[in-house]
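Both complexes below contain chain A, partnered by chain B and then by chain C.
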Partner chain A sequence: MKRLLDPETTTGGASPAGVLIAITLLVFLFLFPRMVSDPYTLHIMILLFLSTIMGQSWNILGGYTGQYSVGHAAYFGTGAYVTMMLMQYRQVPPWYGMWAGMAVVVAVALIIGSICFRLRGPYFVLASIAVAEIIRLSAINLKEITNGAEGILITEIPPFKLGETVITDFLTKVPFYYIGLVLALLTIVITWLVQRSKLGYYFQAIREDQDAAHSLGINLTFYKNIALIISAMLTSLAGSFYAVYVGFIDPPTVLGLDISVEIVLICIIGGIGTIYGPVIGALVLVPLSEALRSNLIASAIFKTGIVSEESGIGNFLKENLAHAHTLIYGILVVVVILFMPDGVLGFFKALTAKKHKEAA
Partner chain B sequence: MTIFLQSLISGILIGGVYALIGIGLTIIYGIMRVINFAHGDLLMIGMYLTYELFTLLKIDPFVSIIITIPLMFLLGWVLQKVFINRVIGALPQNQILLTIGLGLILSNTMMLIYTSDYKILTTPYSSSSFKVLRSIVNPDKYENFYDKGNTLYDKALAAGSGEKAALLEKAGSKYAEALTVKPDQFRGLNNWGVSLATLARLRSGNTANLLYRQADEKFSQAAPLGDDDFEIAYNWGTALAGQAATNTGPEADALFAKAYEKFKAAEEIRPDSVDLLNIWSATLCGQARLKTGAAADKLYNDAYEKYTAARQVQAADNNDSDSDGGTATASRRSIAEIKTTLSQAYGNYSPQFRMKPDKRDAGISVSTPLAISFIITMALTILLYWFLLKTDTGQAIRATAQDREAAQLMGINVKRMESIAFGLGSALAGTAGALISPTYYIFPQIGSTFTLKAFIITVLGGMGSVVGATLGGIIIGVAESMSAVYISSGWKDVVVFVLFLLVLLFKPSGLMGKSRM
Partner chain C sequence: MAILEIKHVSKFFGGLAANSDVSFEMEQGMVMGLIGPNGAGKTTLFNCITGYYPPSKGDVVFDGRSMHGLLPDKVCKLGMVRTWQKVRPLAKMSVVDNVMVGALCRTGSLKKARDMAMEQIKVVGLGQRSGFLAGGLPIGERKKLEVARVLATQPKMLLLDEVMGGLNPAESEEIIHLILTIKNLGITQMVIEHDMKAIMRISDRIVVLNSGEKLAEGTPQEIVGNPNVVAAYLGSE
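Entry: the complex of A and B
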């Protein structure tokens, strides 16, 4: 990747119009639950936030530092499990549990880092998968602690109290919406801060050329570990948030290889190493996979009249399309890699640049 | 020791299939430097192909590889031309993501077609197995002696009268040894009793009596251990009857009565045994011969009753309807008639004892489908070696793997080699899928497990080394089955992953890292 540092993405140079748009968008997002109370719409928004957090946190390690971890489910799942186990067995409320989750994840990340960062390229990818698989299999086998393959189901979340005042009792989706929004904004801000800091330049130097960075006196292992810890902590937050929101976790849903791949895909589809990439990735992936899952696509096909709902193919689509929502991930990633290797964002940037040239 | 050998052999057998998967991946990597994350999904496609060929056209899975190999080669060829070709020389992460995407498309398309239900391909030999190393590997001492005793007894039955006694004595001593190891085995006690009683039959007078008494003792020990065991009751009764025949007077009567008791017990367990009814009738007959008058007549009548019962069971077994008439007239027959019928029937009757069969697991159990697949795997591997070493195309492939530019300069069509390599890798993965389809569940997501295994195998053997992949496959197979036995089946994959990490850390070039193909 010989891309020179793009001043537009590295300084985040904001024009007054951009600031105005950002503020309007923020106000809109914060007022959104007042305008829309439909639980399904809120659910989609929460998933969007969650995907943004997941993608953005991977972005720090994979996008900026160039370390393609395909084992981020390890941090997502560990965060989810620690939070849920503390809540279930020790009655620790999740807003304390998630910090404990982060602490555990940091320890796990340091161990993983010490193993995997000695390796480069494909070997690093394979090692990251192996470590995540070890954690998944351990979660299945350590039945006394994790309840094994049955997973952990919580029916009641203790109300969030500050002192004696109850802030929220988590009865609707609205508190989750705000938590998700705040966490997503937090990860975006952290990524932005990292990108602008000296740390961010070290990361990008490692991504562009490890040996050159090393010869300039950058301690590779140290900075890779820093990137990993930041990335893992944010992923752990996403995991805790997911677990509490859904109320149920088991090894395949929070520790499976699918989760690792999904995290990478969000970033790849949007465009790696950019602030907006994961947001765009989430905006593309979540609605598409939800539309498939909830059979919106199937009913849209019926509406066009190409296939009638009663026909054999119609029935087949209705029954099976929902099960194959990950098919869209596969198609998307192939299309993105072959035709827009810099993600959707990079693709449109290149397109506009081309038009600029033609106009000039 | 047995457990060790058992898991070693089953590990090697499954390792052969793993090797096939690993070789496919390593050839692809060797030629294109692309890590194929869709490898397990190609294997899954091979499984479904085999499944369809089996259910639709009734083609045996092992025969169907003749069709699977060219089809999978074609699929690989097309995938390479359309997709992989475009990312050769691109960033490794992009190659990895592309193949991950292809894998997702393959598995999800199969899920659309077949849903995510588990399919089972049941062949007549799917769950069958056979034993190897029977004479060498024995689970324990008791079984060892027991087995020897049984062999000696069988020999004795076949031997002439001269050797018979000596062999029976030896058999008896083996059972005795077996029972000093484990005193509470009714199978051993029964067979010991049988060998004693058979020996007693060869002797006469006091020696016979003594042997019968010993046999009686063994059966009396065996009976409470073998819960309601037909053979023990039958043998015990038969031995008692034999003993009674060597005695006279009230002693004989007491023994006869005891024998009938045992026969009755045996009858309660299995009322339709022809052998039992025959020996019972013959015994009654024998006792009747020692009596006179009404007592004898009564015994003859009883004997005849058993005799007809035996005929009835036989007739029922043979679906012979004529015998009904025979039984109808039975009660009206005179004693004289009965006598002649019985003496004709049991004149030369010599009852057979019933041995407890060899039920234990001597030797090492080998799953038939795995054994067949291992043989096919080995044949294919040898064929592949021959192809790579001796044929022009094979040498061109190896040349491309060693130095792409040099190969191109030498006039090798590198692009074609890439397509062949991917086709070959795909065909090998598909074949592996076909070979394991009789023993594994078939479902669309099975691929990822095998993709991970394939990586571990190739990294272990050294990326790009065919010899290494063969070795790596067998090592992983053995490591898996060993840890399943000695640690637990839940942790076996963890052991394999830990092994993988250790190799990555301490010998990232793998076992055969230096030699490329």
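Entry: the complex of A and C
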């Protein structure tokens, strides 16, 4: 019989060692830009934060409530577009625009949720994909307001002022680093709070068994909608952040199906329904996709000498491996599902539990 | 006054009448046995009473209020909960968390819910198991967990769907004691059961369903002596 060792689902307090590690890590993360000023390293860190936010927000709906959305790009892209359109065409600074983005996203989520959550089965998954595609196609075709396939490029971000003092003018990556860090911490804290509340219990009950949950007084449609709204708002926030950070959006980069899939992957690879899962997922996926993009993997293969750079296969790898990230993601998912059904986090937990048993 | 009135309830699935014109009443605090051969419509009746299916015809009145159009979560809030023939533990949650989900229907505070849950876990005798994952419990304890979970919703009435199914005699005996304990708490119970000895011991009255219709109703003694019931179970000559 399985004794519950995992303190995450019970309200057992954190161990002193855990608290110490967390504080050290936080101090390290806050001091990081003072120690490292290399823009590429900061860029990778910002992508890590962004992926954590995206994965964590999907986690609330998919991991805790068991409602799988493969259309989170709808919320990501809508948040990004609303923020960018307001900034570029109405001169609304993004720290106000992101709220507007969230408001629009809540409306979209409520429409999908209140229709699909009345039904059981695959309807929500299918509808989530469909809605994301509808929004993507609308963004391409409503040229007057979204600038269509050309996308929106920010010419300048207004400096962030408090009174008359300029806090930051967004000229380096450092302000984005801190915003990303704070947002990532915020989503983690929100997930933690949800997990330790009535909401968290109800979400997990719905995930485990809808009929049982319903019979115990849980209004299924209502609580699924709450989960969707929290999840969609945080995803929208990630979208706004991404848009302002990169400075350019177009329909495929913020509304494409691959964004939706990537959001799901971060969570599944890390371990769904756990607080640290999406963080681990981001730590796996971001370096992997960067390595592929910058052809690190191809050059590593050439260095081992198995394939020479000049041979036909070498050329083929050099040309194609950088674009093969979808294929690699696919392989990764198969590996995770086959060998670590509870994600990387679950895999290592099971491993340490086994060691404990052997030691005892 | 009757706490539950089943008024001419019928439920059709296409042309098939799973329940047809079933009527009976239950008094506060009693244990009603609901028996009948397989496919007699017992579980369908449970589903109609607790809001899983709307009855095709007729009405269910609980505590003076029509259940017409109410979904199971609302029915639970009004004080009527059911358990499942095929147990439904929230597998990846601990035993105490499972029962807390029930208790949270009456409180928003996790601390209060935990206290309420621990109390019910002790009532059903799962005190040693509160920290275990529900998915890892053996069947006898899963059945007890179901009962603890519904008790935590502070019901006026319980509907127990084959809580003794698949249990060994010792475990069944524990469940019988549990049902009698719950009766002493003043909670009304309707019990579907196939074990005739058990149902005769716990029930104040029994309703017999056959092919969706009410075949007989009465005290256990009356039911045992009813030739129609004997015919339905053993076949007529």
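Going forward, the second predicted complex is superposed on the first by the 348 of 360 C-alpha atoms of A that agree within 3 Å, B and C clash if a C-alpha of one lies under 4 Å from a C-alpha of the other, contacts with A are read in each partner's own complex, and residues count from 1 in each chain.
In this text, a residue touches a chain if its C-beta (ideal position, glycine included) is under 8 Å from a C-beta of that chain, and two chains touch if they have at least 3 such contacts.
None of these values were measured; they are calculated from a predicted model.
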{"item": "Contacts of A:338 with chain B and chain C, given as first, second, both or neither", "value": "first"}
{"item": "Per-residue touch tally on chain A - higher for chain B or for chain C", "value": "B"}
{"item": "First (chain B), second (chain C), both or neither touched by A:121", "value": "first"}
{"item": "Which superposed partner A:196 touches (first chain B, second chain C, both, neither)", "value": "second"}
{"item": "Which of chain B and chain C A:215 touches, first, second, both or neither", "value": "second"}
{"item": "Partner chain(s) touched by A:204 [first = chain B, second = chain C, both, neither]", "value": "second"}
{"item": "Touching both chain B and chain C, residues of chain A", "value": "1"}
{"item": "Chain A-touching residues of chain C, taken from the complex the two chains share", "value": "50, 52, 71-74, 76-77, 81-82, 84, 88-94, 96-97, 100-102, 104-105, 108, 110, 113-114, 131-133, 135-138, 149-150, 153"}
{"item": "Of chain B, residues touching chain A in the complex", "value": "35, 83, 86-87, 90-94, 96-98, 100-106, 108-109, 111-112, 115-116, 448, 452, 455-456, 459, 488, 490-491, 493-494, 497-498, 500-501, 504-505, 508"}
{"item": "Of all residues in chain A, those that touch chain B in their complex", "value": "1, 68, 70, 115, 118-119, 121-123, 125-127, 129-131, 133-134, 137-138, 140-141, 257, 261, 264-265, 268, 320-321, 323-324, 326-327, 329-334, 337-338, 341"}
{"item": "Interface residues, chain A side, partner chain C - complex", "value": "1-4, 9-11, 196-198, 201-202, 204-205, 208-209, 211-220, 273"}
